[in-house]
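Below, each structure is written out as structure tokens.
Paired with subunit B in one complex and with subunit C in the other, subunit A is shared by the two complexes that follow.
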Partner chain A sequence: MGGELLRNIRKEFLIEFRNPSAVLSAFSFSGVATISVSLVTRALPLQPLVQSILLWLIIFFTAMNSLLHPFIREEDHGTAPFLRLHSSALSVLASKLVFNAVLFFSLQLIITPLAVVFFQFTLRSPFFFLVTLLCGGFAVTATVTVLSAIVARSGGRGPLFTIISFPLLLPILWMSIESTRHSLERGGFWDVRSLVFLLAFSGMIIALSFLLIRFIWLDE
Partner chain B sequence: MNTIISAESVGKEYGGRKLFSGVTLRLRRGDSLCLRGPNGSGKTTLLRILSCQLPPTRGLVEYFSGDSRIDRESVFLHVGMAGPSIEPYGELTALENIDFVSRGGIGRDGVDRHLRAFGLFEHRNTALNNFSTGMKQRLRYILATINEPSVIFLDEPGANLDEAGKRMIYGHIESQRGSRITVIATNDRREERLCREVVTLGG
Partner chain C sequence: MNITKSVFIAMPASIILTFLYAPPAEVLGDAGRIIFYHVPLAWISVLAFVVAGFYAAVHLFSKSPRAADADMKSHVSATLGMFFAVLTTVTGSIWAKLSWGSYWNWDPRETTIMVLLLIYIAYLSLHGTLKDGEKRGRICASYLLIAAATVPFFVFIVPRLYPTLHPDPILNREASVHMDFRMRITLICTIASFTLLYLYLFGLRFRIAVLEKVRMGIER
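Up next is the complex of A and B:
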């Protein structure tokens, strides 16, 4: 399983490196979306809650725009049967989760500094802010990755994805927005409950994903 | 490894239309089976069902290693498959596709030997997007056999190949036939002659 997983991860990165249009478009989207929203709101005195909502809305749409790609690419390019013949469902999911996590944290590296500068964030607890972004980002990545596997197998695309993802992403966004607001309003590291929720939610989604992926991936 | 495939009353329907039904087979090492039939009779579908790539509408396909049943999740470790529907990664080179598939059993020398045997050694570092259809077909066969699987499924193995390519692949199939289960879906008489048994679908 270890060797197979490494082979799958290497393959994911090689393919995206050789044909980087989807990744470049995700990076462009994240930068353009953040700057566009900040230009529209630059004259407004934004409350921390509104700042947090705007930040997580951009993160949400960036995830919708970028994290579906690895599973959908396999179906669109017709390589899914080949992959199914040579890899277990678990290593396919794990490799795509790793790729999506790296991609999404890279996208957050673009979004967050731009948002901090252009939305004029006052970070009272920068460490708590960063931990919130990591935990929330990971929860979003885990959820969107498994949902993209379902959408890719069902042959559906955008509309189906938005419909099935929203109820699952809502609690993540809610907790992440709350936690981000706290990091902007107060110093210290006091709102651990939101972070625990985000980590527990990620753990639950990942556990369910690994239990269900064989049924999704093997067309049972 | 002594792998056995058991198919019991297998049938497939698409949208209420019956493609085939009642297919019962038991294949052991050394068996070779040709599936033939007119277009749309379900040859490729049956191949995919037998390789556990697609669930049947009715019936059951099971794999055994000796007396113990192989979990469906692990069937891929015993199976090699080549056909037009099995599309390797176009962005990767021939060697990278082989590295992705290979479980390391035959080593680099073995990989080079395969590439030379099928005339692809000079193209090993070329991305598949730049391969001709025939070169891709040869590589599909290498990818299907590189791990020396105990069962091989071939969907029209000679399609898009020139005479030299066909000779290479047919020769390899014949030389390996005794050590594995071979199932070929085809209407080509030469490919049919590579198999000891023939099942006709839709006839």
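Up next is the complex of A and C:
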């Protein structure tokens, strides 16, 4: 299982970097979206709550734009049947989850500094801000990865993905926005409840994903 | 006594209780009687979701021949849940206008029912996208289970984490009931009546779904 998982993770990165157009598009989208939104709001004195909402909206749409790709690619390229024969459903999900997590944290590395500079964030608690981004980003990745498998198997694309993702991402966005606002408004380590919620939510979604992936991914 | 007879006795009796037995609310007066419809509708919205999730789990994990119709039952319950969630939102908005002066305040409990409504919409969209068959059953059931697992966060955790405009829940932290005795009796009766109504509609809709499936089989 361990060797299979490592092989699949390696495969994910090799395939993506062999033809990096999708990854480059995701990076471009994240940068352009952040700069565009900040350009539109440049003359407005933004409150911390509005700044947090804008940041997480950009993160949400970046996730919608970039994290669907790994499962859809298998169906589009016709490699899904071979992958079903070659690897267990658990290792396929785990490898896609690792790839998506690495990709999404990399995207956040683009979005966050741009947002801090262009939205003129005043970080009263930088450590809490970073922890919130990590916990929120991980929760988004975990949720979107399993939902992208559902969308890929259903033959649907963008609109369906957004419809089925939004209700499950809403609590994550809600808690992350609250937590980010606290990190912009107050110093110290505030609102640990939101972080606990985000971690518990991620854990639950990952556990369910591993429990259900064989029903989603395999043709039984 | 079967469910049909019980519903035709319990529902009129509950309506009589709400208008003739229960006293007017202290601040809202007669307008406060909407609680006897709003609370049972909200209860049924959640109950329908739990039932849909239960049958989704049965569909995925049970090998019993009796589980053959579980996917259909899950879909029927989700459809009814969507209907009750819309009614909950409408009655809640009317109550919010009477109590707090605006139809929508994004109170944690209002947000909870909105998320539930969005999950129902997402599930039904996914169900509509996929063609009839075993794959649709498995994928929709998996989505419903993932979504169902998030409901306890909304129903039990979020309203207790964040300040709410809503009155204390009946099962509150002090384990005491802040409600007039006659109002309490009426509320219990309406909740029981609406539960019977849900069971009646569930049976009716399930029989219709079975007949539709038989008809489609004959037409093919």
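Everything that follows uses one rule, which is that the second predicted complex is superposed on the first by the 219 of 220 C-alpha atoms of A that agree within 3 Å, B and C clash if a C-alpha of one lies under 4 Å from a C-alpha of the other, contacts with A are read in each partner's own complex, and residues count from 1 in each chain.
The working rule: a contact is a pair of C-beta atoms (placed from the backbone, for glycine too) under 8 Å apart; a residue touches a chain by one contact, two chains touch by 3 or more.
Because the structure is a prediction, the values reported are computed rather than measured.
In the superposition on chain A, contact of A:77 is made with subunit B only, not with subunit C. Of the two partner chains, subunit B is the only one that A:88 touches; subunit C does not reach it. In the superposition on chain A, contact is made by A:146 with subunit C only, not with subunit B. After overlaying the two complexes on the shared chain, residue contacts for A:208 are found with subunit C alone; subunit B is out of touch. In the overlay built on the shared chain, the residue A:19 is in contact with subunit B alone; subunit C does not reach it.
By the touch criterion defined above, A:3 lies against subunit B but remains apart from subunit C after alignment on the C-alpha atoms of chain A.
Residues 219-220 of subunit A lie at the contact with subunit B in one complex and at the contact with subunit C in the other. Of all residues in subunit A, only 146-147, 150, 153-156, 160, 163-164, 166-168, 170-171, 174, 193, 197, 201, 204-205, 208-209, 212, 215-216, 219-220 touch subunit C in the complex they form. On subunit C, the positions that touch subunit A within their shared complex are 60, 111, 115, 118-119, 121-123, 125-126, 129-130, 134-135, 138-139, 141-143, 145-147, 149-150, 153-154, 157-158, 161. Contact residues of subunit A toward subunit B in the complex are 3-4, 7-8, 10-11, 14-15, 18-19, 77-79, 81-82, 84-89, 214, 218-220.
Here subunit B touches subunit A in the complex through residues 48, 51-55, 72-74, 76, 79-81, 85-92, 96, 99-101, 103-104, 127, 143, going by the rule given at the top.
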